[in-house]
Every structure is written in C-alpha cells, then in structure tokens.
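Chain lettering (A, B, C and D) follows the sequence in which the chains are written, and residue indices restart at 1 in each chain.
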Amino acid sequence: MSIHEECGVLGIYAAEPVNAAEIAYYGLYALQHRGQEGCGITVNDDGVFTSYKDIGLVNEVFSKERLSSFPRGCMAVAHTRYSTTGGNRRSNCQPIVVNHQKGSLAIAHNGNLSNAEKLRSELELSGAIFHTSSDTEIIAHVVTRERLRKQAIEEAVSSTMDLIEGAYSMILMSPQKVICARDPFGFRPLCYGKTEDEIYVIASESCALKSVGAEFIRDVDPGEILVFSKNGIESMRGHCNTKERRLCVFEYIYFARPDSVIDGISVHKSRIETGRILAKSHPVNADIVVGVPDSGLDAALGYSYESGIPYQIGLIKNKYIGRTFISPEGRLDQVRIKLSAIEEVIRNRRVVLVDDSIVRGTTSGRIVRLLREAGALEVHMRVSAPQFLYPCYYGTDIDSKENLIACKMDNNEIARHIGADSLGYLPIHALDILSEGRGCCQACFDGSYPTKTFPDMGRDRFERHLSDK
Amino acid sequence: MSIHEECGVLGIYAAEPVNAAEIAYYGLYALQHRGQEGCGITVNDDGVFTSYKDIGLVNEVFSKERLSSFPRGCMAVAHTRYSTTGGNRRSNCQPIVVNHQKGSLAIAHNGNLSNAEKLRSELELSGAIFHTSSDTEIIAHVVTRERLRKQAIEEAVSSTMDLIEGAYSMILMSPQKVICARDPFGFRPLCYGKTEDEIYVIASESCALKSVGAEFIRDVDPGEILVFSKNGIESMRGHCNTKERRLCVFEYIYFARPDSVIDGISVHKSRIETGRILAKSHPVNADIVVGVPDSGLDAALGYSYESGIPYQIGLIKNKYIGRTFISPEGRLDQVRIKLSAIEEVIRNRRVVLVDDSIVRGTTSGRIVRLLREAGALEVHMRVSAPQFLYPCYYGTDIDSKENLIACKMDNNEIARHIGADSLGYLPIHALDILSEGRGCCQACFDGSYPTKTFPDMGRDRFERHLSDK
Amino acid sequence: MSIHEECGVLGIYAAEPVNAAEIAYYGLYALQHRGQEGCGITVNDDGVFTSYKDIGLVNEVFSKERLSSFPRGCMAVAHTRYSTTGGNRRSNCQPIVVNHQKGSLAIAHNGNLSNAEKLRSELELSGAIFHTSSDTEIIAHVVTRERLRKQAIEEAVSSTMDLIEGAYSMILMSPQKVICARDPFGFRPLCYGKTEDEIYVIASESCALKSVGAEFIRDVDPGEILVFSKNGIESMRGHCNTKERRLCVFEYIYFARPDSVIDGISVHKSRIETGRILAKSHPVNADIVVGVPDSGLDAALGYSYESGIPYQIGLIKNKYIGRTFISPEGRLDQVRIKLSAIEEVIRNRRVVLVDDSIVRGTTSGRIVRLLREAGALEVHMRVSAPQFLYPCYYGTDIDSKENLIACKMDNNEIARHIGADSLGYLPIHALDILSEGRGCCQACFDGSYPTKTFPDMGRDRFERHLSDK
Amino acid sequence: MSIHEECGVLGIYAAEPVNAAEIAYYGLYALQHRGQEGCGITVNDDGVFTSYKDIGLVNEVFSKERLSSFPRGCMAVAHTRYSTTGGNRRSNCQPIVVNHQKGSLAIAHNGNLSNAEKLRSELELSGAIFHTSSDTEIIAHVVTRERLRKQAIEEAVSSTMDLIEGAYSMILMSPQKVICARDPFGFRPLCYGKTEDEIYVIASESCALKSVGAEFIRDVDPGEILVFSKNGIESMRGHCNTKERRLCVFEYIYFARPDSVIDGISVHKSRIETGRILAKSHPVNADIVVGVPDSGLDAALGYSYESGIPYQIGLIKNKYIGRTFISPEGRLDQVRIKLSAIEEVIRNRRVVLVDDSIVRGTTSGRIVRLLREAGALEVHMRVSAPQFLYPCYYGTDIDSKENLIACKMDNNEIARHIGADSLGYLPIHALDILSEGRGCCQACFDGSYPTKTFPDMGRDRFERHLSDK
C-alpha cells in the first residue's frame, strides 16, 4: 500500500519573475487544513530549481530567513502534506524534484493511485529504483519515461494519464512550463485564477486563490490538462470524461474549507444543506441545536434554519492543537482537553448535537457525556454524512473496517453505545442533492468504486525511517 | 514602564505526590488564549523545585521528553505569558524562582502593578538588584523582605499586599505551601477547584479546571489570600474589599474563554447579552448578522436572537496562525490572509457585522471591504464594547492614545473611515448590565481609574536583550 | 561534474543481531576526519532497513535518543561525508537507501567516478530519474539494473564494476548480505577486521576497527569484492588487478589518520619518512624544526630525526574549529585565530617550518609572518608533498589550476611570495619510497592519470537546494 | 557549595564605538579551552546593554546572524564557562546583567569565593534574593550595595574586595566604564593589551589578546583594580599584596594554553621544564618518550630534551570530542575511542609515558594497557604534577578525597594498579622552580590554603533546573 495523500497542491506561473516563494507561502497557508504533516516549495528561476521542504506546518517550515533565500522566479510549485501514521518522514514531503535527460522536473500531487503497486512493480522490473513509498515518485518515473518518447512534457503527462488510475490532482513544473492535470473522475478538486499582475495561480481550493489576491477563473475539468507557458494557457482535453464525475463527496462534508467553491458548488452552502436535510429526515423536539466545532457548525446552522430550533454555541474547541501536542494518558480525557461545553447554554436543555461523522464512536460518546455533565436533558445526535461502511482507495484516511462502528452495529445500538437519546445519519440519497446531481464518489458509503483497479492494502513495508524531525 | 502582563496562572496542591507537571501542562493548555509568548512550570518535590520555561506555546515548550523529566510532586505553579513587543525574552518568562533565607520561592503573576516604579526605586535604593523588567520580580523582592520579618510566608504575602497596588492575581509556592492572592479590586480573575483525587487546582479561569477534571469550587474573592498546606485551605480576608469590585470588563468582552465563568457570570452569556443590547440600542434593517471570528461570534448570535435577523457564518478565519507566521509586506493583505468572506452567504445581502472592538480602524476597514467585494449590499458595523478613549494601567495592552481612532473621530467619521453604512458601539451604561451590577473596571472607556497610583509610561530602558529564541 | 566524495565508509556484519547502530556510531566517529559535512547510519533488522542521516558531525547528528531508536540488527552500513561548497544538502548524505524489485539496498561510497556523466546520461536516456547529484545514486541505478539480470546481488556488483570507472570504495547492504568492493586501482583504502564477538567490521581505515575493538584482518585488495553473509566471507577477485596499484598518495600525506595502516604501510611512519627525505634533499642550518599542526607534525619530527635539529612545538592550533565557526572578515586574521606561535620557542631562532602542502600560498604566507612576528631569525619552509600541478578527478578536492601557486611561480618566486628564506618540496621520486615501491596515484603532481575517462568539470547544475539545516 | 568557576573572562574598551561583539567572539574563542559549557557576550552601546548567552561552545551559541544583531559599542564583557556536573543550566551562564539604582551592571567572573556561603547568608538576611547558585550573583549583590554608599563604581568594587575572599579575576561593565580586578592572591590570571586601533582588551590569558590582534601590555597585578574610561586607564592598588602571590599552579600544569604567558612565565616553557625535572628526578632506561595528548606533549618533549631519549608521537587523540558526544557503555572502551596508539611507534619499545596528572587511576591504567597491546616492552609513567592529596576551594574541579588514588595508595601500589613498570611524580619542591620563585597556590598538593575561609562543601541544593538546552 502506498501512503495516502490527502494534501493540497499549488502552482504559480508568471511571464516575468515574481516573488513566487512568498505567494506560494501564503497560498499554502490557505491550504494548511488539507495537510499539516509537512510542506514544501520549489521555485523555478530560469531553469534553476530551488527547493525546500520539511516536516511541519507552513509557518514552522518556512522562517522569514528561509523564505527570503529563495530567488525570484516565473514559476513555482508547492505542496502541503497530510500523512497517515508511520509515513511522517522528511523524504516523503513534496514537491518531489528529479533530474533526468530533459532537465529538472518538480511534481506536487494530491490523491491516491489505485494501480500504484502494479505500476511500481513494472517500473522496478525495468530497473527503476525508489527512494520513497509515495505515489508521487511513481508518477515521476512514468512521466520521465514517457518524456523520452514524446516531444513535449505535456504529451508525456497525457500518456502518463493513460497508465495511471485513481485519484490525482497534480501540478508539474519543467524548466519552461507549469502543467496541471486532474484525473478523469475528478476525485480531488483543482482550480485556477489570476491576480491583477497577471500571475496565474493553480490550487486545490479556491480559498487559496483569494488569499493571494487572485480572481477565480474556473475549475480544472476532470481529465483536463492545462499547460501554462510563454504561449499562454493551453487546454488538453483528451482524457476528459463528460459522462461521469466522481468528486470525493467528503470534500464537501469535511475536507474543504467552507469558503471554497468546488466544481461550482459552495462548500459552506452544501454543509448548510446537509443540516437542512437532516432536519427534514430526522426531526426531533428539542430546545437548541449545537454543532461540534469546527466542521459541524455549518450543518448545525442548517438544521436550525430548517427546524426553527435556535442555533447555539455550546461547545468550545481549544484552537491551539499543534503538531507537537502531547496526548494525555491515564485519567485525563483527550476530548475534555480539546472540547468544552458551555454549561449556561446546555443546562436543562434538549440538545440536537450535529457532527460530520462517527467513525469508531469513542469520540462521539465522550462528547455526549460532556453535554450530559453540563446538564443536557436530552442529546439527539445528527450526523451530516451517511454511515461509513467501506474503505477508501483514493486517499481518504478512513479507519479499517473492523473499527468502523457502522459495520458492527445498527443505528439503535450505536445510539445506545454513544449514550445519545436518538441518532440520525444523512440519508445516502441526499448526496445527490449535495452535488446538485452531478455525481460524486461515495464509495465509502455505498461500496460502488469508480475505478477498475484496487490497491492491495496489505503489502509489507521493507524500509522504516526514523521520524526525522 | 514595566512590561504588561496579560497572562494565565495556575497552581496545584495535593497531599500526596502526583504527576503535577502533566496536570499543569493540560491546565496551561486551556489558558493558552491568555498568552502565547512563553510559558513555564515549576514543580515542588518535597522542597526541591524543578523548573522549565521558555518562549513558545505550551506544546512547543514542553515536549514529551521534557515533561517526563519533571519529578512527581505535591505542588506546582505554572504560567502562560502574553508579552508586548520588545519584551519577548526568555528571562521574562514565569514562574520566577528565587532563593532566599527561608528557602525557595516560585511566583506566577497576572496583572500590572500601578506603583511598580516607585517600589522598584525604593528596592534599588536599599540595594536590590533586578534581572528582569517584570513586575513579578518586584513582588518577589517585596515578599522576600517581608518574609524576613514575619513568621509565615502567608503573612509576608499579606503585608506585601499593603505595599503593592494595581492588578494582580498571583500564585506563590514555598517549600511547604501554595498561596494564591487576588488584588482587592479583583482586576484579574482567579478561581479554584478540586479533582476526584483531592488535587486542588487554582487557575485564572474556570475552563482550566474543567480541562483537568477538577470541579469548580469558587472564585477567589477580591483581596483574599488562600493558603493550601498540610493544614488544609485557609482563607485570609484582611484585604477583602466588600464595597468596590473592579474586574476588568475586557475579561468578559475579549480576554476570557467563553466557556469560563468569572465571578459568577458566564463569559459566553455576557457576550450574547452585549449582542442583545447592541440590537436594542442600534437596530437596523438587514438580512443577516455575521460575527468576526472568534471573539465576535457570541455577540453576533445575541444580536440575531434579539433582532430576529438570521445569524450566518459569513467569515472564515484561518486557524493556523502560529507564533512564527510571517506577516505579509507589500501588496499582499494580512486581513485577507487571515480572514475570508463566504460569497454565497454575503452576496446581495444587507449585513450586520459584529466585532468586539475597533482600535485603529485599519482592520475593521479591511473587513468591511472584504464583505463589499463579496457582494454585500450594506454593511452595518456593531461593536460589542464602548469606544476606547483611555490607556489601561492594569495590564491590558491598548494602543497609545494618538492611535485610538475614537479619540480622533466621532462615530460618523469612523463609519465613513472604515467604509461602513452605519456604526454602533455598546452603550457604556450597558457594562453595568454585563457585570450584573457588581462593578467592573471600565477605565479604558470612561477614564475613571480605581487606583491612586499610575505608572510613568515613559521611563527609559537601560538594557536590551536579543530575542533569545 | 558530480560532487566530490572524500568520505569514510563503514559496514557491519554479524550472524546474530547486535547493537549495530552503536558500533557504527563509534566507528564513524573514528572516521570523522575523512568528512565533517554529514553522516548517516542504516541498520538492517531482518530485512527492515532503518536509516537516519543529516548534515553535521557524528556527535551532532546522533543524539543518545536518536541512537537508541535504532533496532538491533545483524548488519549496518554507515558513512561520513566530506562535501565541497554548494553540495552541503541533506539529501546528498549517505547511505543512500533505495527500494527495487528485489528488496531494499543501502549504499555508502567513497570516491569519484571518472565516467559518471556518461553513465548518468545513459541511465537518463533509458528513463532513470535522479534525486541527487551524487555518484552514489548512479551506482545505485547501475547495480539495480544489473541485479535484474543476475542471480545474486554480488554478481550485480561485479557487473557494475565492468561499467563504472574511477575511484570507489563502497559498501552495499541487501536484505541478506553486506558486500564491499574496492576499485581495481585501489584509489581509496578499505579494510576489515573482526571483534572478539565475531562481529565483522569493514572500514575505510584501520583506526575505525581499533576504536570499536575489532582486530584488523587485512586490506580489501584493489578490485576485490567481499561478500559477508550466512555463508561466511566470500572473496570475488575477477576485477583484481595485480599489475597496477594506484592508492591515492594523499591518503598517506594528508587524508588518513596517522594511526591507520593502509595497504601494509603505516601512515605515521610514511609521514616521518617524508620528513627524513626532506631533510636529506633540502638540508639547512637552523636551530629548531616546527611542524604546522596537525598534519605537519609527523614530517617535522622526521626532519628533526634526520637532521639532528631539535624538534619543537612552536605553533598551537585552536582545536575548537567547528562546522559553524564564523570566518572573520576585515582586519581580523583567520590564520591568527586558528594558529598561534609560541614566542618563547621561536624568538631568535632559525626555524625549519614543515607543512604538508602549499595550495594558493596565502595561508603559508601568513604562518611565515606569524613566526617572523614571534621573533624568528629565519624561516625555512619544507613541504612534505611535491608541487600541486594538476587537477584530481578521483575525489581529492584540489583548487582549480589558476589558483595553484605552483602552476604560476617557480620555487624561488613562491619562497619570496610567502616570505620564506628558503623553500623545499618533497622530490616527486620520493613518493615511490613512500609507497614502498607498490605504486600510488600521484596524478595531481605529475599529470599521469590512471583511468581512461575524465569527467567534464564544467557541466551546469540545474537544481539548487537551499542548505537545509 | 557554590558552583565551581574555572572559566575565561574578556573585556573590551574603546573610546569610539567598534564591532565589540565580533572582537569578543574571537577573543572568547581563544579562551574556549577554559570552559566549554556555555558562554555569553554583553555589549554596551552608550549605556544600553545588549546580551546573549547560552549553553554551548562559542561557535554553537553565536551564529553569524546572532552576532550581527549586536549593536556596535565602546565596551563589552564576555565569558566562557566551565561547569561541574549538575550546574549546566542556561541561567548560570555569564555575563550576569543586573539593573539597579545607578543603572545597569554586567559582570563576568572566573574563580571561586571561599566565603561565598557566609556572604550569601548575610545578603539573604538583609532581603536579597538569588536567581542562581553562582558566586557571580553574590558579587553582583555586594557591588550593588556598596555602590549605593560610594561615589563611583570603582570604589564599590574596591570595598567589595574588602568583603569577598578567595579566587576571582573579574571584569565589570557599568554604563560608562569597564573595570577589572584580580584577587590579592592572584589565584587566576588576568592581563590586558591594546590593538593598533586603540581598542583595549582584557583577558584571562594572553593568547586571547594575540588572536584579536592586541599587543600584550602587562598582567593585572594581584589585588589591582584597573578602570578603563574616558579618563584613560586608572590603576587602584589598595588591595595589592606585595608579599604573597598565589597563582594557581595548575594554570601552568594544565589549564592555560601553552602559547600564553602568565605573570611573566611562558606556560609552554614551564611545561617543558616539568619534563626536564622529571627526567632528572625519575630517570629510566627507555627507547622513546611519548606524551598523552594534548597536555602531556610539552612535558614529554622536556623529558626527551633532558634525557636524550627520542621524543615520539605514539598516541593519537580523536579531536572531534564535542559537547554532545555519547559516552560508550558496556564493552566499548571510552579511552580506546578517544585515544589510539601507533603500533609502528610503540612495538618492541620501552616507553616513557608522560601525562599531566593521575586522578582516580582508571584512565591512566587504560592508556598503559593501550600501549601494552600495541607491543610496548615496558611502560614508565611520569606525571608532570605532584600527587593530588587535598581538595581545592578556589575553583579547580578536583575529585573528592575518597576518589583520589594518591590518598589511598603509595607510588608502588599505584604503579601496580595502573600496570606501569615504574612511576614518577613531579617533586613538590619543583613547583618553586616552575613559578621562578614567585610563589604559587599548591594547596591541592600540600594542603596549605592561602585563605582564612573555606566553603562548606556539603550544603544542600534547594532548587533543581532541568537542563535547559
């Protein structure tokens, strides 16, 4: 199994040299929610690539001194990385920069290839060697090999897309061009825009465009390749898939920032909508609606709008959760340290509690208990997603099936398990409403996987690196 | 001028040795919002004091390894520090630990003495030397001198309180006792509670008690000294002031965490209340109410409740603001990087925008512009505090008078300046409602200072330390 | 041009798991003089490779905590790295660990391939991508490709040796074996030994064996491959070259530690010998002989033995030269900060000054001036190497020809230039005596290069990394 | 017991602002051998003191960036610190900077007060509080108190010298002056010089003057106070002691750098002399003389001169011993890792082994064994100091009496214990020759302590700090 890549990518292209590293820094910063494990920036100054990447948040990795030691350049590519346990090592950070026959190549990638192992095995059989366990290095190998047979880097990217399958939104940088591509299903978002100074910015989410002063132009279409070069912007649509779109529904439910708009749909608005649907499908007599911060707040507000039950701020989240926070052991309770109930709001109230998911049930149980201790008369849990029942092969870090509570219990049992008076999930058909009928990947809920290939999740790791920070 | 101390303090007392450092860590973590510049913990293991303090957030300063190298102990005192520009050096971190004739003494202090310079001058004239520019070191000197003449440390604390004037909530630790004291005006909050295991926890705010599993017992009264020792808890009330209470009103408006209860009043509830009062005193025809996160959200909700105008989440704050974040220069806009408007919420709406203060007006102006760009038809600014007109001598870090916009313009001018269609401040008489008639210090709004002494703000600094991180 | 690799390599093989990381640490520490820029250790615990490497000295990179987080293992490979300016980045540290079809492979390498660019170009044309600019990655690629066609890793190493040319002493580690190989010319030293506990240790120099308690067994022969595995030690001698040996003569003159024995010749003894030869070939009437510490001391002693002129300690070297030492600018003199003359020794004496080389002449001039200021009546410079006249293509970091003073001036001019009363170099024929007639590479003195290929020193770099420490 | 202070001090005074921090950096660097635990620099820029100090070597603590952030200034004081186990915390680093009635005061101090505890107790009784356990803070308190009663800082220093007793060479800096003082016995060295640019430099050893280009002027006399100010240099000789001088003899034997000249005697020359005396007092038939590097080399050379037995370099010391080196445990041998014998030199030889001391005998025993393993026929140990028999109260870090081997065994027993064929110590009467009859403190050899007061070595510590690096 290759390492999951729930990440943020960013690219910059300008006709004249600009402070590309600084723009990348603030753009990455707006994508920080997509990955907190590590990050990196590569700037292209007339063919000379300058890189820095490390484990840590954007503001930890890039000091003022570090940032100012980048040269100005017309192009940059940047990445912020999410990592599952075990893979948090420096060498897995991106962008990956490689040197080959035609010059340097930098790649930043978000997603998970479903045929990674097969590709890797084929590459190894033909002599390729791997320094990391990431899908991105596989893509680098394939692009490089294709490049040897093709006239231009974008053609190599195109023929690479004939070979790789799964979720990928990626940005590549050659000495002369920035190229971005989105997989034909459009699993992961990708869009671009332009600043007043004619600097093109490509990013996983539109919030990153806004933060650096770029106007959103449009989403990159599923299957589309965009080439930014001296010749302007060229769109290659050979892999575009007009029939089927499969944006990961979790982008709307959880991953994306609420101020982003993905494939024409406002993330915030879709979350408000899940709340409204929950109110219609699982109504209840209650006094207040409380969301679990931060990702449950929008849906809670939607529930309140639809039901007329007052929205309240009843749970406070400690916002100083850093990468180096020490998890409590023994009697101290992690949920209590991160979340706190406001007794004056909760006491003697019947509470509708809205959260975006229940995975193992442990955290939900503790939040319900927090409300009970604060004096809640009743707690009615409403979840703004359907039940998790299937593993994700495209980059969403879902727990293994044996830990998913919805695989083991029915709704009543779960409600009892977490101590709630009632429990309601988002009906699965509501996901269509969420995507305004355009189609999403909802395999984690219904097991219908878009791709033909699946990774073998059990392959052993041969190499272990000490966490190198 | 000594350095302002808007901080959080924490103390622990148990009859038997406990993992005091771990409890202090999680307690401090809940007080992180009171100061992000530095922090420290001192544990008392049978008279041997073990300390560590440094610049940084709680989770930056205390690694797992560092935390586990503290011994167990019956007592601890801890501190999280806010610092104004220039004073962010390691040696100003607290607790301060000093050694003197009667043993070791650790002090953590929150507040600002109004007669600091006079005391310091007297002490220097009698031969005292100072390593730092903090008020805490002054208190340490006074307590130590008084201790030489008194039988017990608590008597020394009491006679110290005859000499020092201003804002102070402090926790002291001697080899045998933990002592806490709150100034007679009660400028800064202080409370205590107890866990199931009979561990006493003293803290600036009740949220810290909850996070480590301690039940709130009560606030320390203004002027009260509490002594925790083998003899149980002893209250000394010689300095208690029954007539006049002057809790800093800004604790309710801005400093404290909304899930804290201070002097019997819920912070969250008082903020909801300011919103309601604003709605009554400054009503307006509008479509939505939007709060500036995080501290404007509660008041926005109150405004919505009272006015019936729907509450909306229209501004998103990037939550990864770290200590090391690089402020943008040039064309990039700091407000745009930290805050983002949700266009789908704002477009074509008349917006009531609620924030907790306007200081210079710059930030407010940029937020209004953000909403305009997102398509707001009208922006009506409502501020959940009165106009800032006077400097604070008790620890609140308010800008100098020449920068305070309310000192230079009337309301209409300010509204024009920030680009708002209308502007309304919290009426000053509403502060009484906020404190439920018990009295607050509101000198920054009305210039009526409770103390007789004032610091000379212009004294030169003789020593400069390089930022030592 | 690939990056020069004047480094130290180390390998460990035991039948049963041992604390391989600890042995590697102390072994590397004894090889620290061969490279101070970075270092790394990879331990093989039953096929699982655990690695750590970074920029810095051995004792900076490996903390106690870091070292103890390695698992025990039967095998390890380790490296300490010398780097020329510009290449001091983390990713160039070794061992390089790669994953390929047959499992993991770790490589540590000392030397410089003379056909690196050709190989790299061929590899790139067949699709290989490079993450670094080091020769070691080239070797990794070649070995991996050969491995696909061969039955065993050692056969792949052997066929790799058909393809690579130049200086290399390398140690490879596969899941089951440790393999070491020395190029057919034997440019760089390599030897092995065994501890009482039957732990085999392979190292660049014998001093590393001694330091970890291993008895020296023998040098690896030029062209020899040794395979350490469950089957014991196997020697493959297909590339052994009986006619021609070309150990870099600079190993004796400068690189190696004096307590090492290389190819049967004591480094210390050979340096004493150069001093004796200098005394015979360039005698002078003088009062004392003084060596420039550290590498000129042995030759100075030899000069004294032969000439009868008393040996004196007249120059003191500051031993705290660390990696992070700041070089003085302006009026302060770097030589004066690092070296100091003992006036009581030097005053009113005629001094024979012995050093191991003159490169640009600047440092020598300053040392002569130091002695003059200390009162030397005469200064007679004697150099324990011949004149540098040619570039080195095998890993010795010699200045470019235009900077080599011996390319621009004759001996009298140089003597005048550096302010010496006389100057004598080691006669080039003496190098035969040094190597006891076995042959050395002395191309930097006489331009007679053993290999058929030469690197193109002018190739541009396409990629630049910020120094990542 | 206060913490021992075997350290280096440095002061700078110029009429016009200079790059004082840079000069201090290179000066400290030349004094690094006097203390490797920590260091600090304080620059006085027209009354504003800028300080930085931390644990680590000079080149670790002061990065280029850090150094360049100091302002220029007319004055500086600097310190490099040696620390015994347990006291290696940041707050004990020097210079200590304190603020008091008359302004700021910086102090750097080398030595150990013999009446520290009495002074500290008196100060505490009068209300003083202590932040550290160092003698330097005691001196700061006394000087500050005296300053209140005196007209000028130098008079306060003078009356402080009436009160403190023991070893001290110290440099103080007030807003207007740099003052240095040496205790009346002259336990620790102190001298000054001047650069061509009229920058005065005061330092523990003359080697530091040379390294920054200052000409040695003279030693500060025992008991002398020198005041550097706008009025030039003023000498105050009220405490000068013409009868009795007691420079610590260990400065010649071990502490000082061989290129320093202390009180008119060359350190190198005195070490050569101890070797000559040893050869006369303990002659032996042998083939070679070998010194234990670094401090035994000079005496070995002296032994060779006197005896006619050839001097050889037979032991190599690994020079990369850093602060963070991990000491081996178990079977690996620390001596073997740090020292190595050159077999070609030692084999079949009768060796005279010269070292500067035997403390517990453990290390000496291992070195003898190293020589035996390398093939020595005989090993004759010669020690360039007399037997250690008494504790030092003035700053030399000597082991406790129960560990001193000379307190427990006679010479024959020690020789047997360490495995030597014979053993000879420097005769105690030779110390007179060493000091050229001027008198030294040799209490550690003969128990005759110059001071009237002695510290109580058993006082408990009340405070423990985590190592804060």
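Basically, contacts are C-beta pairs under 8 Å (C-beta built on N, C-alpha and C of every residue); 3 or more make two chains touch, one makes a residue touch a chain.
This is a predicted model, so every value here is computed, not measured.
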Item to check | Chains in simultaneous contact with chain C and chain D | outcome: none
Checklist outcome for this item: Relative to chain D, the most remote chain by C-alpha centroid is chain A
Item to check | Centre distance in Å when chain B and chain D are each reduced to the mean of their C-alpha atoms | outcome: 48
Checklist entry - For chain B and chain C, what's the span in angstrom between their mean Cα positions? => result 60
Next on the checklist: Centroid from C-alpha atoms only, then distance chain A to chain B, rounded to Å. What do you get?
Outcome noted: 36
Next on the checklist: Residues of chain D that contact two or more other chains, please.
Outcome noted: none
Item to check | Pairs of chains found to touch, sorted by chain label | outcome: A-B, A-C, B-D, C-D
Checklist entry - Which of the residues in chain B end up touching chain A in this complex? => result 22-23, 25-26, 29-30, 32-33, 36, 57-60, 62-64, 67, 197, 207, 210-213, 257-259, 261, 266, 268-269, 294, 297-298, 301, 305, 310-313, 316, 318-320, 322, 324-326, 328, 331-333, 336-337, 340-345
Checklist outcome for this item: The chain D residues in contact with chain B across the complex are 47-52, 54, 66, 69-70, 90-91, 96-101, 103-105, 121, 124-131, 133, 140-141, 144-145, 148, 175, 461-466, 468
